[in-house]
């Protein structure tokens, strides 16, 4: 893969990824994550207790909300609070983030505690949902640690089963490429978001033919690329979590 | 695959699928489709003209709305009209249906016409979104035919590029299975919806680990199953459209 | 009355009425009812218990919701769930159905149980509200029977006091006519919906001058016609309920 | 009919009815109307022009909105603006008022002008919808006069075909009674609202069995009572309109 | 200050203020207040008990809602209930009224009781928020008296610490003026609402430069004017409350 | 004033104020502003053209929207988009920011262009509305410059008349203090927000007695403090704008 892209990357290269852990002075866990010019603030809010319908189940709950600041995009988008309703895309992404994070949490080990992950896009340049999942994992890990330190989670419990990250892949002019920036995303014939665990298992695979439908061979090439990218994201997450909090 | 299921099917067997084409006396195209006990009414409404922002583009538009009757489910669900807002799941499925059908329509050939596909679940027993896509295709084909007969579409235009159908697959107790009924769906570790064209290309692949994450080999087995099911669904669609309307 | 109508009926003749009882595999009672081309699915959902404000009253509750599928009408109507609010007409009809059914239920005999009647119009050709009431009665009767079989209602209780049905009447070109189809409804000078019990008593009389106001003699003629129609509807309901469920 | 009531009225007697015409300094027509302790402010707002879909039709439009102040009732009711939606009862009454007033307006003679009738209940003691219709007629008449004076309506046009008023009747302990106060209304077995023109024709008849269903003889007695009451209301309206504005 | 205004007032003169106390037969306290042509109905609804989150606090709660009838204004304004949401201005004024009244209530002395003040504008000609506060105080005082008489408030408790009233001031063509009518309000360069207690202390000062920003000397002149007006409003409130209820 | 505060400041001292100008790569103007731990992202979106009702007026429009991220606060607050409506406080602050910025813009000189200021609170520790105004001014200045460079604003036009900033002041334990942090804000007897121009004139003065009402002398002391603070904020704004963009 020697194809070069607008920003000089090779087809299988991630954009520069940075994670500023503990950005928020208020939240139990937080991360300001960038995938190139895409920037999100991910916070994890820990609450002791669960929604009423889960009372007494001995299990915890993890959920997520995604939103974009009105001027995170190239031209201003109206606020969903002003429109009085949440759009389908926002719903879809919030649900994806929640499912992805729940896949690596042992709800019994979490106990009757709730964690809400808020992923707010400050600047958007493609890949906001994958950056959200990747950053939310770091915020989640810190919030779980906070829960242990404050004795809401048992000392020997291991609520985190694995780590989780996500990356987009797509086919542009016939070439499979990793981590699409916005200008690439709009040109992609096929667009796929892949959520994987640190151990390399799939949590979610969502591939969509935006232009021509794709065949089995193309699907395989995209999955290969994604697994490679996710390995590097896992390393970046580990490095961020290794720093002294 | 010799595993037998609750309803006696083998792992790679579809439920009985029936399509009652032209069920509605009002719509330009319609189909009452059943996948076992799952029943939906799919209608296609043809309108000459497009939304204002597409005026003069020379292209048409296809969109979809999915909804469930309150007592299509085992216990009654509140109406979204009464709640005053549409839930995330409904949004997600409506968008999926729309994208899937657009994948087989040549918008230039459709010309400045709009088709709205309404997929209303009368009875739900798993696989409502895949039945919706499969039935909506039949309604769409008839509505396009109607558009030609009424001269809204040019006589030699070929707006339908391919056919489209969808089926669910999942892993239950380690076994990959085709076309999950509701009782199977809730038990599945991994659940995947696969939308394919009549020619066997992928339009959409959405796999989710509801329980344990899945590996590459499992993913491959699920895709194989889905392609087999979609071949049979394509044949059923063709047979329905071959009947005299 | 020898006046002939577009569909060949005489002025005091109902359209063909059919009731497919037990259409739904999910609901405790259900009926797919047609008045000519008007088709509705009526389901009755039985729940043990009542809304909080009725707890301990020893009485039950019966309520109804009416809705139209977007393409039940000749041209597509936007969904109320998408508009985010329920229109005045829908509210009005839902309330009418609820009041009509409650008129034949002894709430003490029902005990602290709730029945929700959902009347969804699959195809509309005039008289949807009267078909809704007539079909909902059949679904209600079956749901009450279900409640007895499952011991939520006392064995010797008689929650159904009477049967109930409804029919529309109107004055067209000076002639009073029974059971208006859509093309007649829009031309009617006066339009009246009459809800009566199997014993021939009035539950609701709603007459509206759409064109010129009407006099006492016309009002009397309309009531006569309605009572005749309701007698035949009662017989059809009884026949449907006499079949083995 | 010698039955005496809580407030000393005989069964066929109206409560004291007063109309303070021109109460508002802002509206083109207005009336503060009381039926006993029930008080409403009715305003008529005249606008030159019609909704877009009626442009060029040569016809006008008359519509109405009904609302209750939160503390017009005995215990405070939440505002519909705060709840974010309009209830079924409000919708139903607004539509009834609009239909009733339109019945006496010649839309061609009105020309392309719109009149909105706002009926706001300041104090409620039963019969608010009938008082609304009766008062709105006076406001409407003045707004039409205003329209003539300001040349929006042709000088020789006669937009008002007739007058219109409304009154409630009901059966209490077996006795038909006119113009029910709130304490009577809640006890009534049957409750009927009758809208009639000054010439004694029916515009709307809405009878509901709140308790036991009613028979034809009772229905006739209620209609007789209503016609008597409406004759007196017509006289009161005429007297109010005869005063110098 | 010898400047004369459109209505002949001097710059430091209030419009005629009248308070019709006890206007409502339903509410525990009420006042129909006019500031010239501005007219509001203020009601105070007394309920024993407080919102759940205050249970057991031993303290009461006072809150307010402000609204305008659609035709209280010169041209008709759409109802907020119809629009489905409350506008920013309404929210702002409701909150201001609530804060202003709470400033003179000792919540401990009120005990666990709630008072809701509804201020509905029947006719608007500037200064509706200041008239609302001034009238709501009279309604509040009567509702507190009612609470004592009905033993919901302890006999020797003194829930009212002080009285409260409000008045607008503004700068027009360089001259500071008291109690602006609508035509003055739209021309004012600076507009200020001042809420004061009977003892002459400030509860709220809200000054806004609609045109050119204002300097310290102008601010001082406006505050002087407001204090003078509020003294006269206090006297009018006292006189109203001195009448036999 | 030698009183020392929790964070060691003297009563008339601002928290450390920093302005990171041009933080956003998307917006025409932007500033990340901190007042101590309070942090907001302010963006200015420039659009050529004005709302339809201003077409042809030759004037521009400036408006603002304020919002808080759900976890900007110490415990998580539900999103207004999820609640489906905007609260009163949000409305009030958005309106205040809009009015404040409009006070320093010459709408004729701006021409038919629209600027939307979005002020999103990333972290809240008191004074978010004053930081919003102070930061929005910097974003606005850059967006106006952008408008000139892109020829939407005439080269010799001077749309900015003055600069604008805001600061909070309050009385705590009898001592007037500048720029309240959250812990101070909740304890303040009186709380005032003062918006001033760079030339020291008042744009908005909003003082509220949260506890005991305040007298004229206290009001004067607060205004003195605010004018002092605003002088320093003006210097910080100028310094930020002097840097090379």
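We just call them A, B, C, D, E and F in the order they show up, numbering each chain from 1.
Throughout what follows, contacts are C-beta pairs under 8 Å (C-beta built on N, C-alpha and C of every residue); 3 or more make two chains touch, one makes a residue touch a chain.
Listed by chain with UniProt protein names: A, B, C, D, E, F = Ribonuclease PH.
Because the structure is a prediction, the values reported are computed rather than measured.
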Path length in the contact graph (chain A to chain F, fewest steps): 1
Third chains touching both chain F and chain C: none
Identified repeat of the C-D interface (over half of residue pairs identical), from D-E, A-B or A-F: A-B
Geometric centre distance via CA averages, chain E-chain A, whole Å: 51
Whole-Å gap between the CA centroids of chain E and chain F: 28
Approximate Å spacing (C-alpha centroids) for the pair chain B, chain C: 33
Set of chain D residues in contact with two or more other chains: 84-86
Cyclic ordering of chains (reference chain D, direction chain E): D, E, F, A, B, C
Contact set on chain F toward chain E in their complex: 85-89, 91-92, 94-95, 99, 103, 162, 192, 196-197, 199-209, 212-216, 219, 223
Complex contacts: residues of chain E adjacent to chain D: 24-27, 30, 37, 41, 43, 45, 47, 65, 67, 69-76, 79-82, 84-86, 90, 116, 118, 120, 122-124
